[in-house]
Structure formats: structure tokens, C-alpha cells
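Following this line, the structures themselves.
Next come two complexes built around subunit A: one with subunit B, the other with subunit C.
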Partner chain A sequence: MSPKLLTLGFADQLTSVEVDVPAGEPPPWDGVSSLEVVGQPVPRIDGHLKVSGQAVYTFDVRLPGMLWAAVLRCPLPCARIKSISLGRAEKAPGVKAAMLLAQRGDRIVFAGQDIAAVAAERPELARDALAAIEVEYEALPFVVDTRSAAKPGAPMVHEAAVRTRKTEGDEPSAATAAGSEGNVRKMPDSRRGDASKALKKAAFVHEASYSTQVQTHSALETHGIVVRWDAKDKLTAWCSTQGIFSVRDELAEIFTLPVANIRVITDFIGGGFGAKFGASAPGTRLGFIAAELARKAGAPVKLMCTRHEEHVCTGNRPDSYQDVRIGGDAAGRLVAVHVRSIGTAGIGTGAGIGRNAFSVYTKIPHVLVEASDVFTNAGPGTAMRAPGHPQGAFAIELAIDELARTMKADSLRLRIAHDEHPVRKWQFQQGAERFGWTEARAKSAAARGKATRLRTGVGVAASIWGDFGRGGAAQVTVTIGRDATVEVKNGVQDIGTGIGTVIAQVAAEVLSRPVESITVRIGRSEHGPSVGSGGSTTTSSVTPAVRNAVEQAKTQLLALAGELFGVAPREVVWGPDGTASGGGKSLTFAALCKKLPGEAIVTTATRAKTFGHHPMSFMGQPMQQIAGVQFAEVEVDTWTGLVRATRVLAMHDCGRVMNELTCRSQINGGIILGTSYALLEERVLDRDFGRMLNANLDFYKIAGAKDVPEIEVVLTDVYVGNNSTGAVGIGEPSTIPTAAAIACAVYDALGVPVRSLPITPAKILAALGRVPGAGVPT
Partner chain B sequence: MNRFTLVRLPTLQAASERVAKAPKTRRFRAGGIDLLDLLKEGLDAPDELVELRAIGGSAGEAMRGITTKDGAWSIGALVTLAQLAEFEDLGTAFAAVRDAAGSAATPGIRNAATLAGNLLQRPRCWYYRHVDLECLKKGGSQCFALTGDNRYHAILGGGPSFIVHPSTLAVALLAHDATVAITNAKGERTLPIAELFALPTVDPEREHTLASGDVITALTLPKAGAGQRSAYATAKEKASHDWPLGEAAVRCRIVDGKMLDVRVALGHVAPIPWRSQEAEGVLEGATPSAELFVKAAGAALAKAKPLDHNGYKIPLVAGLLRDALHRVTGLAE
Partner chain C sequence: MTSPTLTRRGLLRGAGTASVLASCAKPNADDASNAPAVSDATAPAEIGPGAVSVAFNLNGKPATVQVEPRVTLLDALRIDLGVTGPKLVCDRGACGACTVLVDGRPRNACMMLAHDVAGANVTTIEGLGAGDSPSALQAAFVRHDALQCGFCTSGMLTSCAALLQRIGPNGAKLTAQTVREAISGNLCRCGTYPHVVAAVLEVAGATPLSKAAVTP
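On to the complex of A and B.
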């Protein structure tokens, strides 16, 4: 550790702070570092490959002699297998291998569970062969509806205790279970003060129930893997994954192989959103199936999920039913919040509601958040972009707006008054001005008063996340050749954020070389250990390691130059184009590299655990709390209930922005996902059949181009000296507040709340009291 | 998806006979939009697809063109939705037809989907479209929408099946009293478009009245009367590529400030495109006013019988009809 004086803070609030920088780390880039390349809107270095179709995704992999696999899935939501046999499937045309994935007597717990699989010469032959597999089921009682499943006497989903499936997509600080009863499995409470007591004394209390739907990840590229055995104990896997090393580790465990004997390749991935960790998907053993069929057939096997499979067995965002009580006092202060929530992750776990109710408005003295998982006979939930948080944000933010109306308080001022995060308070204030908050609220109030057909409304909501960037996880190798080539290698996958481009920028920055002169090798396990893209940790875990490795290489070049110039290394000046000079002499970068005594300089480095100075830490942990605020505007047609999100202003803390273009792109994506969640997406299960009715992209509705609001992104550079580049995550924070802000905007437009996502015309018309003989649907 | 043979025959006669000979295993193919959906979902497995676009000669030409004679428009069955949406010569008298065509699906689909294919596509009901569920429409014993998730189902004319008819063009064409030209091995005939569709009480497994081998060759829009205008309104949850929750099309003539020859058609409310004579009765001969339109919308939906989850369609469709009436009469809201 060595103390360094850094300039930290944000916007015009920069101050000098002494920070203990761990040994081996360069002083972090801070508020006064003037950088040339990092932060610039550099276009993706692989953009042309993607738009021209040359990028090879797992879906595109075709190997000589490759077979195609298909999986038979259980059609019933709960069943006992009375008999099962591969029947004629093994001899069906083109079939080279077949296997059972369930046995006689097995109890199947959701519609879509693995039953058997085949591999054939063509994908359609594999699908045809599934029909020849003979299975007899005994249908068992089931429950797919969350609230019914939570009731005593509901059919039990699991007969034995459930093991929690954890992935790198889960929030790193998420807690585990605290006990269970029936299908209900309680999570530990979050508690400060005494919410019940405070609510009894509160002058104003608002009490209501809020619900959110199950959302599926629906990545454009479905889950898939191609496995080729290179020797008896050695294999290569091409996998559509956001965690290359989690795929490797799972395959190593299943087949008892040394990790060194497994290569995993993910040159490109068509989206993940939290569902693509490990060789298997949450509800189907894809990696095992493909690898085992490949072993049996003696040929490479490709297994890509269909869109139907993608919806039913590869994960989802759990739903939530949140009973909220929130109280205020006569002085206009919020005094207490109590949230009791249940939600279902199907047969899996993890239906929490995130940190929003407990940790954003920390000036509320009394808070109790209780959450429980409810098991249902449905495909397992899994981490999805900010697990729990969009659900939690929706309920607490809309409840605050509803209470504010009762208290005759301005909902924005109420938020600012109860938030202690200096960055978020600033974002609320600056954003309100930029968005035209006051004028917009006055306009919507006037339209409500006149009961006009078309209404607009505006809302605002907060984001909370932690800087979970990992120390020691990513090992980056830099090679500077005698021919002046610079290669940066790391086995990280690019989930779509443009990490390869950012890696090139960091290397270019340190060496003062053009971005295009840097060769980046990522997407393969042999390029060295790295992180999975979960928890919004990729950029903050990898870029500091890149900087550190390149700095080490540069130190060697400086030493070489010093030796050649006859001066001390620290007297060598590194020019803006990478030319080294000292002692009256100078050498261009290329000329200096030519003087290398060996073939190349090779350095490998990682990054230290998060350090720095955190004015607002995340949940008392030694890391910065990442702040964000989004303002949304909606337009509602009160005749038809049609609702559109028309405008979103996103104010986000991005630590130090590494690439303005790709950072904005990530935030755009988070907002589009959040808009789609707010207004459109919903997994529909039929209660009588236990089957998904909209396992397609026709009636599972995802926002298209016309559904996307006009988005304005304000990037708030915040420097806390957390790592050598100052990067933090933005992927998850950017989707947390969108749906909540939209719901608040709908409330502003109508004057009545819609307390259930997605906010459809049906729910709007019901909220307006226009649907004959119907209450408000939930 | 099963394997099939694509058959290209040069004459309408031959194509018609080919399908009529084995109606269970042969299908006509035009744009192939819904047909391939059905094949891919395993809902249909024909051995042969008989390509209507292969038909040549004057018959083929007529099926691909838009022509006018004595003020009436004949629109070929193979005209794509995109062509129809862009056909400006139809003018304001037939605005609903163009707007309906332009509102369906996506630009990509509209470039391939044909007029007749749009009329004859199968319903989008999610029970019908679920390959494993043997519903009434697939020969099963009951309509699962009755007790299931029926948010997108019928509020009018339902029973024993509660699907809504999926064709957007049918709604506009019904409002325009279009006639359907049909050819089969025996010859040619025409049919008012209302008679092309049949309620599920006739046969819950079919939505139309055509016989095997019947080919729709064209739709005819009768000559516009003096002062004729039309308007189409639709509501979709999603702005990009979605199916309507409800639709309304209105055609009328405005003469001396009065609405004459009024036709009101509603879509996605019933198992067939739904004509509302109740609303027409309120509007015929009346002077346009916001109050009148509210009354007409009320009349159109007075007999609606919502299921558990689709009561919202009553105010929604009333709103659409009011919207269409305001636009067709130019009366400010």
C-alpha cells in the first residue's frame, strides 16, 4: 500500500483525497487525468464483422461431420414416468446417437423438462426422431400460479429440499434462504428501525399491492453449444455463453476432465441477459446432452434451443406480488416502509425484489422488507439483468408517488429529501431541469383536470447497484513484439458491450498508440482466466488488468530506452505518438521495439481488490454504490387505453466512462429492455394445462423499433479511485428504474395508478373504471 | 416441419383441380406467410403446396393486378398488402382499405403477404396455435379460451369457439361491401364478402365457406358513391408488429352534412369480421356529432358478452369506433 493524492468526485464536486493504492497498481486515473483515447466514442473494432455477417456465432458453427441434437421435453407440468424407452428413435433415419435423460419412476416437475435426446445428420431428422421415443406419463397435481402455490394445501412442487443454483449472474451480495413452509421459502429480512410501530403512528399511510410478471430473457441467439471431442479426455466447446470459464468448469465436473483439457470458444454471443452461465441452461442440461451425444456418436454435436425451448426452460425473471405499506408524517417526511413480497422462480430459487425499497431512500428511518420464493411447476427463474431490482423499484417508486399525492407533496422533492447519495441527489436535480419536470407535471395535471382524451405524464425513479468489479479474476497478457505489434489477450467473452474495443482503447492509451494498432484476442479460454459477464463486472474487472499489464510492458520499454539513451528510465519521455526520447536522443515506437533483446515483451497482470474512497458505499461493503436516475414520459389514449413511452432521460454514474459510444449503447439497451418490461412482455402460463401459451415472439411481445422512446443519456463521470482505470458497471443499473419511472408517468397521466406490470391497454381501461363489471386486473 | 413438394402449375384450372383431388394433403400457396407458420408449428403437414404465383396467362395477370372498370376496383388475390397500401388511386373514398393493408404485420411481411392470404389465414388463438393442445378448432371437444386466458378472444358472436378472426383487410373490405371472385373446376362465381366467413356454429374447425379447390381470384370494391369516405382504426399493444386488440372500419357518404350509406365493421371482436348494423342504424341519415358517435359505439357493443379477461375490449373498441367516426367525418374530438 502506498498513499496517493487523487482528485476524486464528480461534475464540479472534485476534491483531493488521499487513497491507499495497493502495491503493484499504478495510481488510478482520476478526475484530472487527461486521457486521449479512453472515454472516446471509438466504434466497435469488430463492428464490420457483425453487420456484414462474417462474425461467427455459436449458431453459425458448422464442423465437418457435425450432428444436430434435439431434446424431447415433458409436455406435462408435473408427472411420474411410468415407462420410457428410446423405441425406434435410435434406428430412425440419420440418427447417430440417442439417450434418455429421465428414467422410469422419475418425477418431472415442469413442462419442458429434459426427457430424452437424439443426434442426427440433419436438424429436421433429429426432431423427427423424437416422435419415435416412447414415454408414458402419469399426470400428477400441479400448480403454476404463484399466489395459489403459496396457499396451504397447494400441490407440493418439490418433494425434497432444493439446492440453490448460483451463477455469476446473481448479485454477488445476494443472501440465501432462511427457512421454508409448503411451497414458500423465506429469504432473510432486511430491517432497520421498527416499521410496524412507525406505521401505526404515521399521519399518512398508503397501502396497496403491486405485481410484476415473469419476463423471459429472449436473447436473439438462443442457448446453444457445439461439442467436439478432440481426444478421449479432451474436448472443444463452442458455446453461446456469458461465462466461458463457467462452461469449462461445468464440463470438467460432469466428465471428470482436467480443466486444461477443455477449450471453450465464444467469439461472438447474441445476447445473454443473465441466463447464459455454465454449460447448461437453468432448466435443461444442454452441455451434458451435447457432449454425451458427441461422445456416443463419435462426432461433433450441435445443440441449439428452439425459441419455444428458450422461453420454457432456459431461465426467466421471476414475478412478484408485493404488499406495500408506506407512511409519512405531518412534517412531510417519509417515516416507514414495509414490503412483503412473494414471487416465483418456478422450480428454482431467487425471486427477491432487490435493494430498492431498503437502500435507496436511506433517510426513511423504519424499513422492513420481507421476501419469499414460491415454488411453482414452471421453468426455473435465473439471474436476469439486475435480479430483483426492476421488480422492487416498480413497487416502491409507485407507492412513493401515491403517498406523495395523499401528502400533497412533490414526489421528486420527496425523493431528493430521503436519498443520501450525493451523486443521485445531483442526478435528480440536474435531470429534473433538463427534462422539464416542473412544466411537464403542471401540463399533465391540467390535462387530468380537463379529462382530455390524450394524456401525457412524467415519472422518475432511482437506480442502485454496487461496483462489484473483481480483483485477481482476470489475468491479462500483453505481448509487444520486435515488429512493434501489440497484442492483448484475455479469455473474456463480449456479451455485446464492446469489451474488446475498450481493451484496445486502454492499451492504446497507455502506449500512446493508435487503437487500430492493437490486436485484441478474447472469447477463448486459452487466452487466460477472466470473469463471467454478470453483476456488471466485466469492464471493471478486465480493463484495470489490461492497464496494469500494459503499464508493466511499458516500464520494460522505458528501461530499454533508458539503457539505449544512457539515462535513467524515469528520465525517458514517452511522446504523444509513442516515441521515446531522452539524453538528446529519440526512437519511434517501432524503432524502440526493434531493439528488444528477445522476441517480445510479455507481461501478465490482474487487478487488486477494489480500493479507493467511497463517499456512498454499497450496503456497508467496501465498494462504491453506483447511482442512477431515469425520467420517463408517456402518452396515453384514454379512449383505447393505448400507452406509449415517448421519452426517457437517463442520468447514470458510469465511474470513468471507457467508451462513450458503447456505454450509451448499453444504457439504450437497458432502457429498451425496461420499456418492454413495463409495457409489453409477459410469460403467460395456462392454469389448467400448466403450459406456456406464448412461447414465441409473436404473443410474447418485445419492444420493436416503434416502441422505443426517444432516449437521452447523460453520462456522469464519477471518480472514486476504485481501480486503475476507474471503470464501474453500467449494464444492470441502466435497466433498474425504467419500468418504475414509466409506471409513475402513467400514474401522473391518468391520476389513477396501474399497479401491475405490464401496463397494457386492458389495465389502463380498468384503472380508469371503463371496463364493465371488472375490478382492476392484477 | 414436414417435407413437401412444391407444385407449379401454369393454369388456374389445373391448380384448382390438383388441390380438389386431395384436399386433406394439398394446400394452395400464395405469400406463404401463415401457411409456413402453420407448417413450422406442426399444425399442418401437407404433402404438396400448389403455387398460385405460378399461374400464368390472363388469369394469372388478373390475380396480380389492380384494375378499374365503371368506377369499381378489382384487386387481384395475389396483390400484396404493400402494393395495396401504396395504391394511391383508391383515394379517400377507400382510405380504410389502404390504411388497413398498411397497418398489418411488418414491412417485410406486407411485401410478401397477399390479399386473399390475409383473408384466409388461420386464427392466432394461442390455444389453437399450441401444437399439443387439442382444442375445438382442431377437432377436440371444447374451446379452451372459454375458461382459460381469453384476453385476446371474442366478445361478440362467440361460441362454441371464441377465436377472433385475424384478418385486418377483411374488416375494411366488409365496410366497403366488397365482393369475392372465386374460381374452381366448375367455373367462376362471386360472393359478398360477408358470406365468405362463417361463425363457429356452422363448423368450429373452419372460418370460411369455400369448398376444396376454390381459389379466390380477386376482390371487387363497388363504385364509390358521391361524397364517399372511409376510415380504419386499430389498437395494438405493440406499435411494431403486433396483432390488433380491436379494429373499426367505417364507410359512409357525407351529403348535405348527413351521413348516408353507413357501414360499420369491427375486427378482432368476433370469430368473423363483424358488421354492426346496430351502429349503422344510429348513424344512418344523422348529423355527425361527438354525442352521436358515443351513442353509435354504445349500440355497436350493446350485445357484447365479454369472457373473464377481455371486458376491456368493450371500451377499447368503442374508442376505436369513435376515433374512426371522427376521422371519417372530419369532426374534431
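On to the complex of A and C.
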């Protein structure tokens, strides 16, 4: 460790901060580093492959003799298998292998669970063969509704204790269970002060229930894997995954293989959003099935989920039912929050509600957040872009707005007064001005007063996330050849953020070389250990390792130049085009590389643990708290109940912006996903039959081009001093506040809240009292 | 791998090929404007259930594929012809990821049978330009970052190419709303729509959208 004085902060709030930088780390890029390539809107380096159909996704992999697998799934939400047999499936046309995935006597716990599988010469032949498999089920009592499942006496979903399943998509600091009763499994509380006592004394108390729906990830490329056995104990897997090494490890465990004998390839992946970790999906053993069928058939097997399977058994964002009490005092301060929440991750775990209620408005002295998982007979939930957070943000932000009205307080000022994060306070203030907050609020109030048909409203909400970038996880190898080629290798997958492009930018920056002269090799396990694309950690885990490895290679080049020039390496000047000079001599980059004594310089490096977190830590841990704020405007037709999100202003901090163009793309994506969650998406399970009614993309609505608001993104460079590049994540923070801001905007437009997502026309009309005899549907 | 015994399927396959090839040899002379659903009036009323040959033009070159009548155009392209640009996402015409041009019109390849395009001109993303010499639209998609994971991109770009063809010389009048209409059948989960609209407007020579701000 050596203390270094860094210029940290943001905008006009830059200060000198002493940071202990671990040995071996180059001086971190900070607020006074002037960078040429990093941060620039460099178009993604593999874009040409994606716009020409040449990018090969797992779904596109074609191998000689490859078979297609299909899986038979249980049609009942809870059942015992009375008898099961492959029947004529094994001999069906084109079938090369078949296997049972359940046995007589097994208890099946959701509609969609694995029963049997076949591999055939064509996908339609595989599907045909499934029809020949004979299974007799005994239907058992089940429950798919969260609140019914939580009641005493509800059918028990699991007969034995359930192990928490965690992936790299889960928030690294999230806790695990603290006890269970019936189908209810309690998570540890988040507590400060005494919320119950403070609420008893509060001058103003708002109490209401808020609910959010189950959302499915709906990545366009479904979960899938292609497995080829290269030898008895050696295989190659092409997998649509966010975590190449999680796929390798799972296959190694299933088949007891050394990890070195498994190659995983993910050159391209068609979206993941948190559900694609491991060789299997949360509710179906894809990796095992494909590999076992391939072993039996002696041929490569491709197993891609259908859209129906993707909806029912590959994960989802759990729902939530949150009872919120929030209190304020006579002086206009918020004094206490109590949230009690239940939610279902189906047969799985992880229905938390994130950090917003506890950790954003930290000047609220008394807070208690209680959350429980409720098991239901439905496909397991799993991490989805900022697990828990959009749910929690929706309830707390709308509750604050409702209390603010009772207290006759300005909801924006209330937020700023109770938030201690300097970046977020700045974002609230700057954003309000830019968005025209005051004028917009006055306008919506006037329209409410006149009871016009069309109303507009605006709302604002906050985002919180942590800089979970990992030290020691990504090993990056840099090769600089005698022919002046620069190759950067790491086994990270590009989930769509353009990590390869940012890798090239960092290498180009250090060497003062053009981006297009850098060759980036990613997407394969043989390129070296890396992180999964989860927790918004990829850029912050990988780019510092890239910088460190390239700096080491550059040090060797400087030493070589010094030797050639007859001067000390530190006297060699590295010019803006990569030309080295010293002692009155100079060599271009190409000329210097030609003088290499061997074929190439090869360096490998990782990054240290996060070593700084200016200006604000996350949950008291030694890492940066990432701040964000979004303002939303909606238009509501009070006759039809239709809501349109018309405008979103997103103010975000992602540490140092590495690529302005791709960063903006990610934030657009977070906002659009959040808009879709707020207004359109909902998994519908039939309570009588226990099956999903809309397991497709025509009745499970995701936002199309016409559902998207006008988006303005304001990026704020925040110099954190956390790692050698200063990157932190943005993928998850950018989707947290959108639905909450939209819900607050609807409340502003109507004067009555809609406390249930998605905000559909039916709920709007019910909230306005225009559905005779109906309350607010939930 | 294959069974040495002669099956009914194998017999049909052998018998079907010659006769159907003959019927397809006659090019479809119909004017594209009065043939919205591509069909060959001379084709037999009933074929199959075994694989039967069908011929059409694919990205400017003749292509022949032998598939069961139930096989979709998308599966024939992807599985039999190795043209994997168009993607299968929803399998029911809801998402547009499989969009191809059939005689110049954008169509969902998952909603057509391979035998529907007998004699027609089929253009996939691969036919719109190659990686080394991208069309202006493809280059604009890259420049504007109108793609993230890229899985919707083939269909999205094909729909946009069809829009630019339809609008012809009136590109300057193109509005963002029209572009959104044109891609309303193309779903994207990463949220690329704003950048797609910007890319298309630029190529059309229309007024660009305002850019997001970067501070400080």
C-alpha cells in the first residue's frame, strides 16, 4: 500500500483525497487525468458482425451431425408421477437418444418441470417424439397465488427444506434466510432506530399496501446450450450465458470432469438480464440434459428453450406485496418507515425488495424493512436486473409522495432533505431544473383542478447500487508482437454492453494507439478467468485488469527503448502516437516492436480489491454507492385509462464513463425495461389450473418502439478512486427508479395513486372510481 | 447413422423430389404487386408428409431445399440453408426477429412455410450487405449504437431497410413517428429503439433527434 493523493469527486465538487493504492497498481485515473480514447463515443468494434447476420450466437451454432433436443414438461403445478415410460419415443423417426428426467413416485412442484427429453435429427422430429412418452400423473393440491400461499393451512409447496440458490446475478451483499413457517421463509430484517415507536409518535402517518407483478426476463435469445463431447472426459459447450465460468463449473461438477477439460464458448449472447448463469436455467437442467443426450447419442446436441419454456422455467423477477407505514413530524421531516413485504420466487428463493427503503433516504432515523419469500407452485424466480430494487423503489417512492401530500410538503425537497449522497442530491437539483420540475408540477395541479380528460403528471425516484467490482477475478493477457500487433485476451462474455470495445479503448489509451489496431479476444473460457455479467461488475472488474496488463507490457517496451537509446527507462518519452523517444533518438511503435528480442511481450494481470469509495460508501462497506435519479412524465387519458410515459430524464453516475455511446445505450435499456415493467408486463397464472396463461410474446407484453418515452440521459463522471480505471457499473442502477418515477407521475396526474404494477387502464379507471363496485384490482 | 431399411418417409422423399422440382422449375412470373402471399399456382394441391423440394431465390442466388411441407421458411433458412441471420424468438409473428424480405416486402419468416416462397425472391440480413462492405443503413446502425445484444438486429434492420425502400426519395420527410411505426413489429429487449430511430433518420436525410447530454 502506498498513499496517493487523487483528485476525486464530480462536477464542481472535486477535492484532493489520499487513497491507499495497493502495490502493483498503476496510479488510478482520476479527475485530472486527461484521457484521449477512454470515455469517447467509440462505436462497438463488433458492430459490423451484428448488423450483417454474421454474429454467431449459441442458437446459430451448427455442427456436423448435430442433433436437436426437446424436453417434455409437466403440465400440472403439483403432481406425483404414477407411471412413466419413454414408450415409443426412443424409436420415433429421427430420434437418436432419449432419457427420463423424473421417476415413478417423484413429486413435481411446478407446471414446466423437467420430465423427459429426446434428441433427434431435426427439431420438429424431437417435438414429435415427446408425444410418444407415456406419463401418468396424480394431481396434488397446489397454490400459485402469493397471498393464499402465505396463509396457514395452504398446500405446502416443498416437503423438505430449500437451499438458497445464488448466482453472480444476485446482489453480492444480499442476505439469506432467517427462518421459515409454512410456505413463508423470512429474510433478515434491515433495521435502524425503532420504527414502531416513532410511528406512534409521528404527527403524520401514511399507511397503504403496494404490489408488484412477476416479470419474466424475456431475453430474445432463449436459454440454450450446445454440447459436443471431444473425448470421453472432455467437452466443448456453446452456451447462451452471462457467466462462461459458471457454465464450466456446473458441467465439471455434474460429470466429474477437470475444469481444464471443458471449453465454453459464448461469442455472442442474445440478452440475459440476470437469468443466464450456469449450464442450466433456474427451473430446468439444460446443461445436464444436452450433455447426457450428446453422450448417449454419440453426437453433438443442441438444446434451445422454446418461448413458452423461457417464460415458465428459466427464471423471473418475483412479485411483492408490501405493507408500508411512513411517518412525518410537524416540522416537515420524515421520521420513520416500516415496510413488511412478501413475494414469491415460485419454488425458488430471493423475493427481496432491494435497498431503496433502507439505504437511500438515510436521514430518516427509524427504519424497519421485513421481507419474506413465499413458496408457490410456479417456476423459480432468479436475479433480474437489480434484483428486488425496482419493487422496493416503487413502494417507498410512491408512499413518500402520498405522505408528502398529507404533510403539504414538496416531494422533491423532501427527498433532497433526507438523502445524504452528494452526487444524488446534485442529480435531484440539476435534474429538477433541466426537467422543468416546478413548472410541470404546477401544470399537473392545474389540470387536476379543472378535471380535464387528458392529464399529465411528473414524478421522480432514486437509484442505489454498489460498486461490486471484483479484485483478482479477471485475469487479462496482453500480447504485443514483433509485428506491432496488440492482442488483449480475457474469457469475459459480452452480454450486449460492448465490453470488448471498452477493453480495446483502455488498451489504446495506455499505448496511445488507434482503437482499431487492438485485437480483442473474449467470449471463450480459454482466454482466461473472468467474471460473470452480473451485479453490474463487468466493466469495473475487467477494465482495470486490462489497464494493469497493458501498463506492464508498456513498462517492458519503455525498458527496451531505454536500452536502445542508452538512457534510463523513466527518461523515455512516450509520444501521443505511441512513438518512444529519448537521448535524442526516437522509434515509432512499429519500429520499437521490431526490436523485441523474442516473438512478443506477454503480460498477464488482474486488479486489486476496490481501494477507494469517494464520496459515499454503500451500506457502510468499503465500496462506492452508485447514485442515480430519474424524472418521468406521463400522460393519462382519464376516459380510457391509457397511460403513456412521455418523457424520462435520467441522471446517472457510473464512475468514470468509459464509452459515452454504449453507456447511453445501457441506460436507455434500463429505462425502457423499467417503463415496460411499470405499464405492460405481467405473468398471469391461472389460479384453478396453475399454469401460465400468457407464456408468449403477444400476451406477455414487452415495450415496443411506440411505448418508449423521449429519453434524455445526463452522464456525470464521478471520480471514485476505486480501481485503476475508475469504472463502476451502470446496467442495474439504470432500471431501478423508472417504474417508481412513472407511478409517482401517475399519482401527480390523477391525484389518486395506483398502488399496483403494472399500471393498466383497468387500474387507472378503478382508481378514479369509474368502475362501479370495484376497488383497485391487485 | 441412417437406418438401412426403407421407410415410408424415405420412399416419399425419393418420389417427391423429382415431381416437385419440375413444378418449381417454372419461375413465378406473377407481378409482385398482385401476389402478396407467394404461391405457385402450378404446385400440386397436396404434398408430403415427407420432405419435398422447394426452390426460390435467396439473396440473389438460386436456392433449393428439401423439407417437409410443415417446415417454416425460418427453419428452412436456418437449419437447411445455414442462413442464421434471421432469428427465432417468439415463433408466432409477435416479435419480428425473423423478418426477411419476400419479393421486397418485410415478412415474418416464422409465419410462412418454406413452400410458400416457391419461386419468390427472399432477402435476409445477409443479403443486405456483407460485413466488409456494409450498406449505409448498416453503417449507421453501428455508428449510432442501434444494437446491444444484437439478437433483434437482423429483423430490426431488415424492417428499416424495407421502410427506406418504401419511402424512396422522400427520406427528408421521414419522421421519428413513422420509423417507430415501421419497427412496431420488431421487439427489442435491450432497449435499442431510440438509437434505431436516430440511425434511420440519419440515413434518410431527415432531421435528427436531439442528442443526449454529457456533463460536465
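The definition used in the following text is that the second predicted complex is superposed on the first by the 777 of 778 C-alpha atoms of A that agree within 3 Å, B and C clash if a C-alpha of one lies under 4 Å from a C-alpha of the other, contacts with A are read in each partner's own complex, and residues count from 1 in each chain.
By definition in this document, a residue touches a chain if its C-beta (ideal position, glycine included) is under 8 Å from a C-beta of that chain, and two chains touch if they have at least 3 such contacts.
Everything numeric in this text was worked out from a predicted model, so none of it was measured.
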| item | value |
| --- | --- |
| Subunit B versus subunit C as contact partner of A:Pro43, first or second or both or neither | second |
| Contacts of A:Lys706 with subunit B and subunit C, given as first, second, both or neither | both |
| First (subunit B), second (subunit C), both or neither touched by A:Ser34 | neither |
| Partner with the higher number of touched subunit A residues, subunit C or subunit B | C |
| Touched partner set for A:Asp698, first subunit B, second subunit C, both or neither | both |
| Which of subunit B and subunit C A:Ala55 touches, first, second, both or neither | second |
| Contacts of A:Gln103 with subunit B and subunit C, given as first, second, both or neither | neither |
| Contacts of A:Thr256 with subunit B and subunit C, given as first, second, both or neither | neither |
| Which superposed partner A:Leu680 touches (first subunit B, second subunit C, both, neither) | first |
| Partner chain in contact with A:Ile671 - subunit B first, subunit C second, else both or neither | second |
| Intersection of the subunit A residues that touch subunit B with those that touch subunit C | 124, 698, 704-706 |
| Residues of subunit A that touch subunit B when the two form their complex | 75, 124, 453, 637, 639-642, 644, 679-680, 684, 686-689, 691, 693-694, 698-699, 701, 703-707, 760-763, 765-766, 770-774, 777 |
| Residues of subunit A touching subunit C in the complex | 10-12, 43-44, 47-57, 59-60, 62, 65, 93, 96, 122-124, 218-222, 268-271, 273, 299, 306-307, 430, 495-498, 657, 660-662, 664-666, 668-673, 696-698, 702, 704-706, 708, 711-717 |
| Subunit A-touching residues of subunit C, taken from the complex the two chains share | 1, 7, 9, 68, 70-71, 75, 78-79, 82-92, 94-95, 97, 124-126, 128-131, 134, 138, 141-143, 145, 147-154, 157, 179-181, 183-197, 210, 212-216 |
| Of subunit B, residues touching subunit A in the complex | 1, 3, 124, 126-127, 130, 132-133, 144, 147-149, 151-152, 235-243, 245-246, 306, 309-312, 314-316, 318-320, 322-323, 333 |
